[in-house]
Amino acid sequence: MELLLDILSWPLLLAGGALVILGAVGVLRFPDFYTRTHAAGVTDTFGADLILLGLLLQVPDTMTGIKLVLIFLFMMMTSPVATHSIAHAAYAGREAPLTGKLLLRQNVPVDITADGEIKEAAE
Amino acid sequence: MLLAEAVAPASELLAESEFPGLSAAFAVEIFILAMLAATAFAMIRMRQLFGVAMLSGIYSLLSAAFFVALDAVDVAFTEAAVGAGVSTVLVLSGIALTAKRELPVDRERTFLPLAIVLVVGAALVYATIDMPAFGDPNAPANVYVGAQYIERTPEDIEVPNIVTAVLASYRGFDTLGETVVVFTAGLACLLLLGAGSIRGGGRHDDEEH
Amino acid sequence: MAGLFQLLPLETAVVVSMAAPLVAFFVVALLDRSPNLREAASITAGLVTFYCAVTIFIGVGDGARPEIDIVEMLPGLSLKLAVEPLGALFGLIASGLWVVNTCYSIGYMRGHHEGGQTRFYMAFCVAISAALGIAYAGNLLTFFLFYEALTLSTFPLVTHERDEAARAGGRVYLGILMGTSIGLLLPAVVWVYGLTGTTDFALGGILGQVSANMPLVFSIIVCLFAWGTAKAALMPFHPWLPNAMVAPTPVSAFLHAVAVVKAGVFGVLKISIYTLGAVELSQSAAADIITYVAAASILIASAIAMTQDNLKARLAYSTVSQLSYVTLGAMIASRYGILGGGAQIAAHALGKMTLFMCAGAIAVAHHKKYISEMRGLGRVMPYTFTAYIIGACSIIGLPPFAGTWPKFLLMLGSIETGDAILVGVLILSSLMNIVYLLTPAVRAFMDPVPGNQAAEIKEAPAFCLFPPWFTAIGCLVLFFYMGDIIRYLEPLVEGL
Amino acid sequence: MGHLILRVTIKLLFAPIILFALYVQFHGDYGPGGGFQAGVTLAAAFILHALGFGLDRCQKVIPPGWLPVGMALGVLIYAGTGIYTMLLGGNFLDYDVIQPDSHHHAGQHIGIIVVELGVGLAVAATMLQIFYAFAAREPEPMDDAW
Amino acid sequence: MLLDDLPVLPVILPLVAAPVCLLLPNNRLAGSFATLVAWIALVLSAMLLHTVAVVGPVEYALGGWASPLGIIYRVDLAGAIVMTLVALMASVTFPYAIESAREEIVPSQTSAFFAMFLIVFAGLMGVVATGDAFNVFVFLEISSLSTYTLVAMGAKRDRRALTAAFTYLVLGTIGATFFVIGLGLLYQVTGTLNMIDLHDRLAGVDNKVVRAGYAFILTGLGLKLAMFPLHRWLPAAYTYAPSPVTAFLASTSTKVAIYAMLRFLFTVFGFNFGFIDVAFTFFLILGLIGMFYASLIAIFREDVKMILAYSSVAQIGYMLLGISFATVDGVAAALVHVVNHAVMKTTLFLAVGAVFYALGSHRLSAYRGLGKRMPVTTAVFLIGGLSLIGVPLTGGFISKWVLVAAAFNSVLAVPSLVIVLMIVASSLLAVAYIGRIAWTMLLEEPVGRQPKPVPMMMVVPMVLMAALTIYLGIDAATLVSLCRQAAETLLSTGLGFGGTS
Amino acid sequence: MFTAAAAAIIVAMIIMLFRAIAGPTVYDRVLSVNSFGTKTVLLLAVLGFLMGRPAFLDIALLYALINFIATIAILKFFRYGRLSASMADMDLIRGDRR
């Protein structure tokens, strides 16, 4: 039984760890805020959940298990919402995503029109 | 399965060592300390107060983790409760009432504080030379009163959490004092920021100064 | 007659003599609206005080030594009064001349239409009380306390005119007196306490041990005391005295003759005898230094006096010069030196009082301050100038006036200790006195009246005229009774 | 209506946080935690509410006038325990006199729980007080960009 | 019950009263309540002083836990003197504050203001009473935190109070941090926080940790007591705080820090360290420089409160000087000066507060001709000023006298004559700055508007303190012998006292 | 096993710290702080298992609840410059685009 749990939790933990690192690398390396949000958002929810599940398989007693489940639930609830609201705030705060040619030609001043379209700044 | 086999020896090695998990925890401590230092430096260098607030959030997250790694659970708990959530909120609401950027400081004026910091740092390092080794079970701090607390709590108070016993009973008066400190802080906010506070106030110009 | 002065117990007399002016202080304050009553109160207080001072004088002369412990703050640190002959003499002079001075003030202040007279009399009351406190002080601390009180209470008098000049003068006055007393006198007092554990005055001094074991410390203490009592106007701490000339003339008279400078030299003399010890002093190198500083002060101040055109300034420098005699006598610390110093206090008081009141009378009658304006004035004010000449002769030391004896005694003292050069100084000083004190009077009589007017006699008011005459006659009388005074002071020099 | 997701989440989280605060408060004898942490957590719940739904609505639930009372009461509960023990004849804060005959140190247990309650109340009220004091102030207009 | 709990009652009483006071309505009631509490605390401290003088140091185990486990209150004679002093100052300034607060505090905050005042009071009392090193820190923080707030309350009249309070906050917190670091280091070495226990376990231990701890603790306390180079917070804080706050703080907070310093120097560390001479020489030199430098600055200030604040820094120099002699005489002199300076500074600051009440200004120019317009206040101010200078028949004279006598009787690194001359020179500087104010008050013509009449509630405390200043100058023997006895306890029996464990 | 997870989390934390310090925009910082918080929760949980002290989970639980508050406060502050107003009202005032 213990071995089975170990066998089950190993991949979960490792996968979670790998995801977390990948996400972090993504946050570090991606070119603009929205892409970074993407990287962080995925790992925060999924990577964390995997690790928590992995831990869940190793719980010594019920109380710990309940706590882990609670953490799991709260993470499920809060981290997507947080990511969402950060992205929303950035969007509402007129933070420009890099799209199309802008992605290639970085450092071009951009402007966001009233209906959300992004153009090169008119100077 | 393959993966598990590949990693198993390492994990067994760790499991078999005399203090299971201790060396790993020690490594964690080192990393966290390094990150704490980096965060602190970044906070000093940063002029944007908002960014500083952010980093201070990170700092308290890290220090809570550090306390946990040091096995000081109650301290970590406090740090978690205050540092991560409430203090960030309060710092931000403070920033909301002031400027967003720190003003640059003259180079000359940074000299004295730097010197003081260096002296203090040197004094602390000087002190560590004769300090008992970290985690030494025979250090006075662990032998004398600390050991007595551990011994006597079960018979004196019968509370499983010795920290609570010390805080609320053995040194309950200190905790009363701390409660009063908290009360004072609230009262201070009431007086300085609350309704009908000293908003405005006269500006007196000094002819001489 | 003597029975009249034996009604009060001596202790009571000491208390009353100091309390009466303080009572007068409040009475004067209350009688602000009615000048006549106010001045009557002042004079009454003066008479009461004088009566007490005489009682004490006689009592002490009979060998009594009244002592009063006012308060003991710490063991060995107390305020106490203890009267001895020198103090009794100073008390007598101060209280007696205060009466005279009050009478004169009435004439002067009214004649000059001065403002703030109530404050003037009030300050006078405190000042005389403080002066008596100095006279009767039983230890250094009490002495210091009353010494400071005297400085502070005379300050409103000095700045009475309240104009810029008065303020500037007042600043110098207060600055030097407070500065030296706190900066030099107080450390000396504290040091003495630190060395001996007491500050009490005791005949023969309390520093014998110190002078034997730590001559340098003793020397420093001597210097601290000599310069610390800056009211004695020993150079270079004399400038407060000429600066205080901005004050009305009665104040000047009070400063020079009655209380302040006298308190200074009295202090020097008393500390020399009762704290430092005459024997120790005569062996100390520091005393020699101070002796020569005093000698230099005598000559330099005389030289400066000769250059002054303002009569009061000239008299002021004359005081600096004359009172250094006392310091000189104290520092010679021989039998005749001390007696001469004591006699000089009495003789100079009468003489200088006369001179100042004459100068004031001239100012009241003719609004003239400068000697160059006074040519021929003697024919207009013959009585005033006659009194002036008597005072001047006394100061110079011509017989048959009181000033003769102190100089004689001091010369004896100088010879006794072998300082022949001091004799020369004293003689030279007398010659210079003749030049700067007598010349104005002589010219006032000899020179023609300016503008060829007929010399019509126009004297100052009676209140300004009688007091100088009173003191001038005093100079004459004292010449004959100086022997008694010297005998009275005899206990001071026992064993020398 | 904006921020629907946020609001729903906040509503969902509000009760668990308070529940957790209570758990920390009364579990302090056994595990980590105690009055201080519980108080802060409790305050955090209300702060979260205020962030989501506005200070006004939060102040309707807990009027600002209550907070000084809460602060004072917290300290008074703590100090009052000490005075109570004094009145019972013991030293200040000597809980043993509350139940002198108990072998299980019931006095200590009661004392600790009451005292921790005082701390919790005081801390929660103070934290909210501070938050109210800061958040209720209108920021002055800024001219510097950040 | 009352007598057994005497050591703890004067601390607990204001501590409990503070929250109660907050709940009272915003009118005279809050102030009256605080005053009543202060008076009761005064009576209790006086009883404590009496007990200690008769019985010797008393101990009290909080929570019933014995020495190393729990917190011990330990009041020796010096502590009882300082406690009585603090309670006395509170009893005088609280009624004064009732009237003064109507001018200087927003009416809706009266009860909070007095609650804060009571907390400062309780904190200061606690620092003195406790015998536990960490408890000192806790109460130091209670008093400091509330002090910062009270200083900032001056912002209703002058915005600069906020800057002053902020500077104070920053420096005070640094001081507290240093102190607590030092405690941590000592705990590393000894494993205990009880002062007596610390002393026992530190005996013979002299290593780098102890030295560093010593340095940290003394620097931290030095900041709290405004030792010369660490005094930067004090002048502004005293200047811009509301008048009753200034009066109370100037007379108590630095004094209490001095007492804490004495406790650590003599009770905890004692004399058996090689480096202790260096420390005392430091105190000596810093004290001398401080009293000279601060007096010099005071002369050139135009704000009367600022002048007095700088003079406080200078006077702290005297106390450090006395401590640096490390003799019974020296410490007794420091204690005498603690008491006398507290009384005279309260007198002065209460008078300044009355002038502020009447004219709304602290500037020297507002004091022109005050002698005619506010004779009582002027007289009170002058008495305080004379005491500051050290004129005989005032308390200030006695303390300088005792200090100088102590200097003569001790063996020092610097010749005692130099010290005496420095003391005298510093007194001369005091003459200069007090003289300037006195000159302005007495000799210049009044200008500006007629002052508002000062209410009786403010005049009576002021006059009482002035009377006490003089009384202490006349009947000094009681105080001096008490302080001597206290110093003896601190220096000798305090070390050997085993505790009740 | 737990060590590996802890190591991974710490590496991720270090990287996040870089991002938080570097910025460049405010949103990046907020993002990294939030993410950092999540990782701290994970680290605490893993540490609890690593050191065999399940009590650590209480702290992790607390963080999971409270970290969210900080993020919300930051965003709200950043959007509106103050914390008091209700979000809906503010949106209308500032003319939020939807």
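Per-chain numbering from 1; labels A, B, C, D, E and F assigned in written order.
In this text, a contact is a pair of C-beta atoms (placed from the backbone, for glycine too) under 8 Å apart; a residue touches a chain by one contact, two chains touch by 3 or more.
Quantities reported herein were computed from a predicted structural model and do not represent experimental measurements.
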| Farthest chain (mean CA position) relative to subunit A | C
| field | Most centrally placed chain - per-chain CA mean versus overall CA mean | value | E
| request: Compare the CA centroid of subunit F with every other chain's and tell me the farthest one. | output: C
| field | Chain pair with the higher count of C-beta pairs in contact (C-E, B-D) | value | B-D
| task | Take the average of all CA coordinates in subunit B, do the same for subunit F, and state the distance between these two points in whole angstrom. | result | 18
| query | Between subunit B and subunit E, what's the gap in Å when you average each chain's C-alpha atoms? | reply | 32
| query | How many Å are there between the centre of subunit D and the centre of subunit E, using C-alpha atoms for each centre? | reply | 35
| message | Touching at least two other chains at once: which residues of subunit D meet that condition? | response | 3, 6, 9, 13, 16, 24, 31-33, 37, 41, 44, 47, 51, 68, 71-72, 75, 79, 82, 92-93, 95, 134-136, 139, 142
| task | Could you list the positions in subunit A whose residues touch two or more of the other chains? | result | 6, 10, 14, 70, 74, 78, 81, 85
| remark: Check: subunit C positions touching at least 2 other chains come out as none
| remark: As the complex stands, subunit D meets subunit B at residues 24, 28-34, 36-37, 40-41, 43-44, 47, 51, 64, 67-68, 71-72, 74-75, 78-79, 82, 92-93, 95, 104-105, 108-109, 111-112, 115-116, 118-119, 122-123, 125-127, 129-131, 133-137, 139-140, 142, 144-146
| Residue ranges of subunit A touching subunit F (in the complex, touch as defined) | 6, 9-10, 13-14, 16-18, 20-21, 23-25, 27-28, 33, 36-37, 40, 43-44, 48, 51-52, 54-55, 58-61, 63-64, 67-68, 70-71, 74-75, 78-79, 81-83, 85-86, 89-90, 92-93, 95, 114-116
| field | Complex interface listing, subunit D residues touching subunit F | value | 1-3, 6-7, 9-10, 13, 16-17, 20, 24, 31-33, 37, 41, 44, 47-48, 50-57, 134-136, 138-139, 142
| said: Could you list, by residue number, the parts of subunit F that touch subunit D in their complex? | reply: 55, 58-59, 61-62, 65-66, 68-69, 72-73, 76, 81-89, 91, 96, 98
| field | Contact set on subunit C toward subunit E in their complex | value | 71-75, 77, 79, 141, 144-145, 148, 159, 162, 167, 174, 178-179, 182-183, 186-187, 190-191, 193-195
